[in-house]
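Note that the chains take the letters A, B, C and D in the order they are written out, and that residue 1 is the start of every chain.
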């Protein structure tokens, strides 16, 4: 077999892309001058990389969970709300890996950082004598969550977001926070929050 | 604002997914009972994760480059082929990071592993007195490359493939190799080969 | 060769570790019953993983840089301080990758998030009409920085920290902030800040 | 507080490192001119990065396991050897994540790649009618394993090695293979083999 002039030209067209970056090839690999038979996209795969859509879904899930805890509290009381909060923490945060880098919006002093599961639970539903300042952030009647990302950085098996989260209570009051999340994809392919820094916007003076 | 019975049901439908994995939410977040306003997919993003399609494109590019070097050699001679091979290595491999884990198909003895750029170039085009056994693998008249992946593992910012690569020469001879590649996404967002193990299939006895 | 009873026992001692996790082996591989000759620790290596000591060094470097900009401003004026701030941003942040997730302590409104290099520079040294609220945070006479981490999460090629940073001015005034950083190891093996969320501690009410 | 000339010099010494890479600071942060109080190295940490010593330990563990299976077979028979092989596979490989990229040394044809646990077990101990060519590689009387790495690439939460593994049987026969491994750190902090390509060295002609 020898190549026709046409296919040779095609090859050199491909070659001109080589310098400076990974070779870019024609996507129409099925055309007659093609000399590479593309691999199938049906290969068995393990994929531990995070996609943007997985990040957005995890953010929405966090918002849904906050509203669900608030609504459960209003409808069924503190025990049901606490039980749900525990499920949410166990499902959405990464305390099974060790400390979570969690700085909630309204924590103070030596209890600012909630690196333990107990600290996170106390923040969301209160009632823990070890965290006496906690009134239960998730019990405050939240009914609506809006997420506005300023930027996202996906490193590979972890992804970070920064932006505003606007939450609205059943009384119509609106709270805006600056929020940073980092998600880590676990061995089951689920995203878990391993970093969460929330703060009230600076007011200036 | 108070929630209607309908929207409460919707919330609890969402909540039932909580246990055992990250909360799965309804994708129809725009419906009237929705309480979460999804983040925009237009956020500025840095994405260092590797997708399956990037992996397949990088494999195809390797095949195109092999055929291009062979064809260049036949049409323009060794100097042009060597110049092209250098461009290919610099564009597609990761020697700028340090040693590449490269075990070509036909290398022997103390020169089996080509962890340096010079060793890779010698393997592809020969002519290096430091690698006297090398005859120039990419000069052997290759005209067609077919890639058949057995499996892919994407870790995040790196991805690995294993399978067969079938290469056909201009004389119609077919060579099959077992090939493993690992690609790493660099600071420019390009995939680079940082591991390449190629071997002839075991023949049994 | 047949194994003595002693070496068989040693083997089975090793085997008892197998279940439940990766096999743990005796480190005294050189003893007479050993059957594995350990690989050398002198192997050529590319290492893109981040160590804890690299994280701590990068934090200290950030503190040194803040003090250096402040001191340069006091000694040499705004032009020298701005030139230094540009070097610091280019050396320590990851704007060459794209947007950086940067929420400085004192920014407000639509300019809260400084995802661009220009926004970061304006925050540190002011003087940019596009960021009229910025007075130049790094010009405020800082002389001392103390870093108190609450927790660290190293994902692999990226690492995150959360804790307090206490900065002291030349007048002795002390400012405490809650600070989250995420560092990413670049192609040159250097850590770069790709996320930085700083906030004043919540005051309660 | 004003800085003495001495401490100013120290600052500018630090500053001269700024351009071109992340700022390198003096490690003697406790000296009198220091302006940064280093973070403690006692911070609670989650560390998913892989170290070189973890890689070497995992390689040794693989060698110990191979010898242990062989010795168990000789001493206790096939049932005990098979039971041990299952434990080894479950402890050291990553089949719980999905397909493992495993190309053993002596496999042929359509069964070259052992992406399933059953395929790996058949290769090591034989006796599976679904893999009729397998005679049980780990049953061949192996008593000694030597590992010689050519190069290592640590990406972050995954690490790859390439080199020779020399295995010696109880009859003194020596087999050398070219071997590539990729290890992935799991949610429990253990390294698991997610890629393993082994081949007999090319013989030339």
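Following the convention adopted for this analysis, a residue touches a chain if its C-beta (ideal position, glycine included) is under 8 Å from a C-beta of that chain, and two chains touch if they have at least 3 such contacts.
Predicted model only: the values in this text are computed from it and were never measured.
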Chains touching both chain A and chain C, listed by label: B, D
Same vs different contact residues, chain B with chain D, by half of numbers used: same
Gap in Å, rounded to a whole number, between the CA centres of chain C and chain B: 30
Where chain B and chain D are represented by their mean Cα positions, the distance between them in whole Å: 21
Residue list for chain B, restricted to those that touch at least two other chains: 44-46, 48, 97-99, 115, 150-153, 155-158, 161, 163, 184, 194
Touch list for chain B against partner chain D, complex: 97-103, 105-109, 112-113, 115, 133, 150-153, 155-158, 160-164, 178, 180, 182, 184, 194-195, 197, 199-204
In the complex with chain D, residue positions of chain A that touch it: 44-46, 48, 94, 96-99, 115, 156-157, 184, 186-187, 194
List of chain B residues in touch with chain A within their complex: 1-3, 8, 11-12, 14-15, 18-25, 29, 35-41, 43-53, 56-65, 67-68, 71-72, 75, 84, 87-88, 90-92, 143-159, 161, 163, 170-172, 185, 188, 190-192
